[in-house]
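Below you'll find the structure I mean.
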Amino acid sequence: MTTTTTTTAGGVKVVKPTVASYINDYWARVRGGDLGTLPAILGLIVLSLIFGIARDTFFSGLNFANLFNQSAQVVFIAMGLIFVLLLGEIDLSAGFASGVCGAVVAILLTNHGWDWYTAIPVALVTGIVIGFVLGFLVAKLGIPSFVVTLAAFLAFQGVLLVLLGGGTNISTRNEFFNALNNNNLSVTWSWLLAILAVVGYAAVQFNQMRSRAKRGLVTDPLGIVLLRIGGLAVLLLVATAILCQERAINPAINSLKGVPIVVPIIGFFLVLWTFVLGRTSYGRHVYAVGGNTEAARRAGIPVDRIRISVFVIGSFMAAIGGIMAVSRASSVDPNTGGSNILLYSVGAAVIGGTSLFGGKGKVINAVIGGAVIAVIDNGMTLMGFNSGTKFIVTGLILLVAASVDALARRRAAATGNR
Amino acid sequence: ACGGDDSGTPSGSGASGDNSAAGKVGIILPDTKSSQRWGTDDPKFLKAAFDAAGVQVEIQNAQGDKTQFQTIADGMISSGVSVLMIVNLDSGTGKAVLEKAKKAGIATIDYDRLTLSGGADYYVSFDNVKVGQLQGEGLVKCLEDKKYQKPVVAELNGSPTDNNATLFAQGYDSVLDPKYADGTFQKGPNQDVPDWDNAQAGTIFEQMLTSNKNIKGVLAANDGLGNAAISVLKKNKLNGQVPVTGQDATVQGLQNILAGDQCMTVYKAIKKEADAASELAIALAKKQKPTTATGTTKDPESGKDVPSVLLDPQSITKENVKDVIADGFVTKDAVCTADFAKACTEAGIS
Amino acid sequence: MAATPLLELSGINKGFGPVQVLHDVGLSVYPGEVTALVGDNGAGKSTLVKCISGIYQIDSGTVTFEGNQVAIHSPSDASGLGIEVVYQDLALCDNLDVVQNMFLGREKKRGIVLDEPTMEQMAGDALASLSVRTLKSLRQLVASLSGGQRQTVAIAKAVLWNSKIVILDEPTAALGVAQTAQVLELVRRLADNGLGVVLISHNMNDVFAVSDRIAALYLGRMAAQVKTTDVTHSQVVELITGGRSGNIGLPPEKPAADFGGDVVDITPGGDK
Amino acid sequence: MTTTTTTTAGGVKVVKPTVASYINDYWARVRGGDLGTLPAILGLIVLSLIFGIARDTFFSGLNFANLFNQSAQVVFIAMGLIFVLLLGEIDLSAGFASGVCGAVVAILLTNHGWDWYTAIPVALVTGIVIGFVLGFLVAKLGIPSFVVTLAAFLAFQGVLLVLLGGGTNISTRNEFFNALNNNNLSVTWSWLLAILAVVGYAAVQFNQMRSRAKRGLVTDPLGIVLLRIGGLAVLLLVATAILCQERAINPAINSLKGVPIVVPIIGFFLVLWTFVLGRTSYGRHVYAVGGNTEAARRAGIPVDRIRISVFVIGSFMAAIGGIMAVSRASSVDPNTGGSNILLYSVGAAVIGGTSLFGGKGKVINAVIGGAVIAVIDNGMTLMGFNSGTKFIVTGLILLVAASVDALARRRAAATGNR
Amino acid sequence: MAATPLLELSGINKGFGPVQVLHDVGLSVYPGEVTALVGDNGAGKSTLVKCISGIYQIDSGTVTFEGNQVAIHSPSDASGLGIEVVYQDLALCDNLDVVQNMFLGREKKRGIVLDEPTMEQMAGDALASLSVRTLKSLRQLVASLSGGQRQTVAIAKAVLWNSKIVILDEPTAALGVAQTAQVLELVRRLADNGLGVVLISHNMNDVFAVSDRIAALYLGRMAAQVKTTDVTHSQVVELITGGRSGNIGLPPEKPAADFGGDVVDITPGGDK
């Protein structure tokens, strides 16, 4: 390895990595089992290929676009759950909390004739209040979160029934609201946002490089930074290009193209929460409490407040998930947020690489894990098996996706890394 | 015998010696997810009927949980009901409950769903196969109106665990299968919706449409599933062009019909069903022999004839939405909101 | 020196369920001085430290800080007063890296954004001053550190801040020769800068090398608080192992009297 | 305190506790927050009182007997889950595994005309095989148990549907089988078993005392041992007496008395697994792996084998739970083991005091927690609320029961005990 | 003494991902002798021990035990060979009590039932011999033990068994004066009974007091293996801190050459 040696302020010798040494190191880390989201992405690719081969419609633009709408609820709930899981807690009520918030918005829109810009905030506040109550019970009374949220899981089912007057379905007919998880951006906006995202990412990367260099700290080689930016650019632009193709079933009647509206919303929260977890002291404290509560407490971190806050974020994101579910169905019913939504959301987080024991996880896990679940669901329904077979095959496929991950990580254990 | 003169309130102690002799009636409903009726309509109409007769009633819902179902039955039996009326979650648990009740000397009624081999004393229901037939015929009519050539029909069946769903499918398949066979229609994708879950129904239908873009008609087993399909159709701007069926005459379903997005729904006059059942129960509670159960239903498993009251379901399209309102099942206010005022007038609802 | 104590404990009692660990303990910490807290394994030193830092709530007793009686209910109360502690059970977050651990709870920020470059630089400087030479990277997770490296991170973490009292619970236990020397030098330097320092150690050489006073705990009781210059090596060892030495220490009848009550019940309930 | 001092072989002074000092110590421990199952029992009593006041039938003999049949499935599944939870793992598939095993037994009995003594073993073996597969995937492939059992949760739902031929239900008509979770022991047998249990317990207690005394180790005071035995005797005999009263609604038609058959079965497994966890090296190793896997591994414990074994026990007990569910309903359907069964079972374990993080829990937790859940369920159905309200109140009551526990334990944190 | 080594390592390499921790390490352990393994913090001592005991898999190198080449894949392989280890990170189960921890993996039984009285008695005896006086009960959870008490439990646990080699990684770090003396005496006694003992320590007094040979690790390389009688205190310190002393130790050019490759990259990737 050829490396240049520089010196930091601390007077400690450091080695400035070159592109080659950086890639070498990365490869050694991967070989050593430090894989990040790599295995989940691998699993995603394998799954897509299987389904793509089995059904050619799987790779159609229409199906690609559908995937986003179908996964939105689980992805949003999972994003919030990541915070809860980071603390080693669980929120079993997230599914029905999303249902309750969805019902709130639908009732305000339909029964009370409110507009979306007043109804949605109320639903979000409902989510925040729910999270606060859950968090308070866990943090201040010290009841295990499994029990608190199991109780809430039951109670919210009841609240949903009561809100819906015993079980009627309520349709939403607000154009804007229904568009949220059904319609698409115009082609112009699609491209604009994609380009904005790439430029923004590049700016952040360069800025970071500059500020480290200024202090004489080691920076990633320029080549690597460019590679990262390029990678993102290719990914986003190709996806945008696909989504900006015509995909209407009957283009003569109506045109269907552009990035689904829900995509930039997912993107927004992904960036927001990634920023919060990675770049603010709040996020740092969440990891600390999850990694070692006692150490966090000794460091003066207000552990109880952090604990409450993650439930607030969890239920807030569940509210968004609920809103998306209602928008997609243009309707809410007593089962909104029920069935497998909760298990799928926790599953998304875990498959993405988040630990149930706390301290380990990233928001992107929710998106990747959510994508895995959505792809399985999407592909399986394309296959048109009957119910029994479908359940079995879904279970097996989930297992296959997880095994790819597990087998890849086994090396980690073998080399002593965690 | 138990007609008009029971309508007074059971106030005075000796006012109606008749009533004070009447035992309590216990009713177990199945869930709140398969259809809104169990959470709203049935409890409402049943309660009203018993209150009117001054007979004590306890109505509980098992929330789709068969363990709960049995626990509720245990509780009702130990609190001393004299008549037990159930809508089973499945025939197995239904039967266990009915047998336990009979051992304790309690009269039993199957409400809406027949418990196979359950041996209930009476059965009150709509003809569920008939419901399916109406759905099938409705869809055929709508598709013929649209004059599609060999339209592809997708079927969104109810929950694989609900026996009624099986009966509905029997009904509509008996109409559709011949059409597939003779080539007038083309058989499209066909999937069950676990738990009648609307959200899953949405995804399932979206995938049906993705893999078979020619779908021209949707046999959805109830209004909730129908609405899920309609949402997806709307997203693809195909609503109105692809007829969708339903069941239960929910506000949502009726509105979808008025909007032209749904082809038909099946109205089961739940009030009539509830009234018929309570009439039986009230008589039994008073230790009288009911006279209203004139028909019989053959239990396909045990082969026994169960004395029955069987009501006719009614097919609802845009033309006769007003009948449902007139019947008092839904209110005009609920259906004819601002968005639908115009459609309501057009449909002759005043 | 040693006008009024910076921190004064008196009558501290602490028990866990049926087990009484601290009995009526008093301790004075003076600014500009190193107070060595010694005692046998299980004497109650770490428990006392955790009572001071708010990890445990005392059952009774008073804590006076800079002349005012205070109640310390949590570690943040303690650090609010300016008390920093290096715990024996180090309490680092294994899932965080060295820099993140060192600044935990007191991150440097620009606006709301963490100022990583500054923290990284400061952490590097602090560690370099403690003779850490084998650390592969400041961004290494502490889970992968060697025992001595962990200890150094914990020490560096505690002395980064402007505090009035620094308490170190066996800080050099896992350290190498050079690192131990550095830490002892650091301890002395802190005291010379006017801080009150409490050093817990089992190493008598270290105790005599840096401390101004010695406080000896014996079976949860404060046996003696003396000036280092007034006692010999072997006297201190006697205090530690027997609770008294000549005319200093606990009165001879005292330990015996209380003995029957709660000590050495080495096999009580057994398993049921 | 007046205490006698004796000396052990180790040459260390020890204090022999008297009855008074023993009770003092116990009380100090309780005050210090070391509560064991006390809070859950307290919660149980509070709940029973509430329901008893609200509905007088709650305290009827009939209802008391029903409680056992109602709780059996959850209690059995929870007992098995305790093992899984002790390792910090989870088994989401336990509910449907019990359904699958129940279906196996029903199919063999009804469709194939087997007798119970051949059908039941096959179902139990099915449970064992399921557990082995789950455990293998978790231990050997290293897939997180949440994901493995989520996949199994889906797959078993499908298997159940397929076994039942797509949604029909199968009735069981085998007298003996249906009696298991419906009928009662004769009055004679009821008393016989109760007395046997008391005598057995006394024998074990005295034997233990003797063997410790022989080695010169401190023993519990005789008074305390007698108190324990007396306590159990009173509890068992009173319960037996109540259950041996006539409780038929209509005694003229058929008589109903005696201890439900399922009670000694629960008792048997409670004793068996308590023995295994507390008195065998296998049990010790389960705790060790759950408390600190690395320490266990360093101590030479075959961690993987232990991990597999707990899933085997978990699914085996789920099979028994399934058998009891099918017996009670005299039928199996695609939803057997579905609904809230799983959450209730995990909830029972957790409410009883088992930790989701491993290392802490006892089999008795499953029984006490299961009783809490069953009492809530039973009491709530007696109240006759409508659906929505019932869900809400159930959730709230669960929360109240858990708060009693949590508030009692808060002292633990305050005094530094865990 | 010292005919053939009981355990012989040669050419051991071990890395974690991109970090190479052990380079070509050799070590010989002789029966009846105490071999002191010394080295700076982070030198790789604990890593080496964990390679021997099967916690880590070595990347390359050979392990010879009693003359036969062996492959140790897990801790149970190691204990099967008769190798007992007291780890620096003690690895006790906090949820088990003292007796349970001491017999973990090797419980005494009567039939299939655990023989608690026997274990309790043996544990009491073993601890008493290590001067443990403050333990409240043998049935106390180890979570509630003091640092020194934990350490004693770990040591007692390892020496309860009939083994051929005992490796102790900084066993006296947390111990009091009396307890340290006991452990050193124990170490000597074990060797005198013919066992091979490896003692890791940063305390030169202890090393010189009990060891027969000294092996010094420097930055993951074995700098020297010498007889204790052949070197002085300060020579060993030089070996630890510099890798060489006079003509013993690593060749002078060796450390420098390899330096650029993988050492002291104290701020590499930074955070992304």
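To keep things simple, chains are lettered A, B, C, D and E as they appear, and every chain counts its residues starting from 1.
Assume a residue touches a chain if its C-beta (ideal position, glycine included) is under 8 Å from a C-beta of that chain, and two chains touch if they have at least 3 such contacts.
Protein identities per chain, from UniProt: A, D = Xylose transport system permease protein XylH; C, E = D-xylose transport system ATP-binding protein.
Note that the structure is predicted; figures quoted are calculated from it, not measured.
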{"item": "Farthest-lying chain, centroid of Cα atoms versus that of chain E", "value": "B"}
{"item": "Chain at maximum distance from chain C, centres defined as averaged CA atoms", "value": "B"}
{"item": "Separation of chain A from chain B, taking each centre as the mean of its C-alpha atoms, in whole Å", "value": "39"}
{"item": "Centre distance in Å when chain D and chain E are each reduced to the mean of their C-alpha atoms", "value": "44"}
{"item": "Centroid distance [mean C-alpha coordinates] between chain C and chain B, Å", "value": "73"}
{"item": "Multi-chain contact residues (two or more partners), chain D", "value": "8, 10, 12, 161, 166-167, 212, 217, 340, 386-388, 390-391, 417"}
{"item": "Of all residues in chain B, the ones touching two or more other chains", "value": "32, 39, 43, 63, 160"}
{"item": "Residues of chain C touching at least two other chains", "value": "16, 55, 116, 120, 124, 144, 263-271"}
{"item": "Interchain pairs in contact, sorted by label", "value": "A-B, A-C, A-D, A-E, B-D, C-D, C-E, D-E"}
{"item": "Chain C - residues contacting chain A, complex", "value": "53, 55, 74-76, 79, 85, 87, 91-96, 100, 104-107, 109, 112-114, 116-118, 120-121, 124-125, 127-128, 143-144"}
{"item": "Residues of chain A that touch chain B when the two form their complex", "value": "55, 57, 60, 62-63, 66, 69-70, 73, 110, 113, 157, 161, 164-171, 173, 178, 182-183, 248-250, 253-254, 256, 325, 328-331, 333-336, 338-339, 341, 377-378, 381-382, 384, 386-388, 390"}
{"item": "Touch list for chain E against partner chain A, complex", "value": "15-18, 55-57, 260-261, 263-272"}
{"item": "Interfacial residue positions of chain D with respect to chain C in the complex", "value": "1, 3, 5, 8, 10, 12-15, 17, 22, 24-25, 28-29, 31-34, 208, 212, 217-220, 278, 414-417"}
{"item": "For the chain B and chain D complex, residues of the former touching the latter", "value": "32, 39, 43, 58-61, 63-68, 70-72, 74-75, 77-80, 89-93, 95-96, 99-100, 103-106, 117, 160-163, 165-166"}
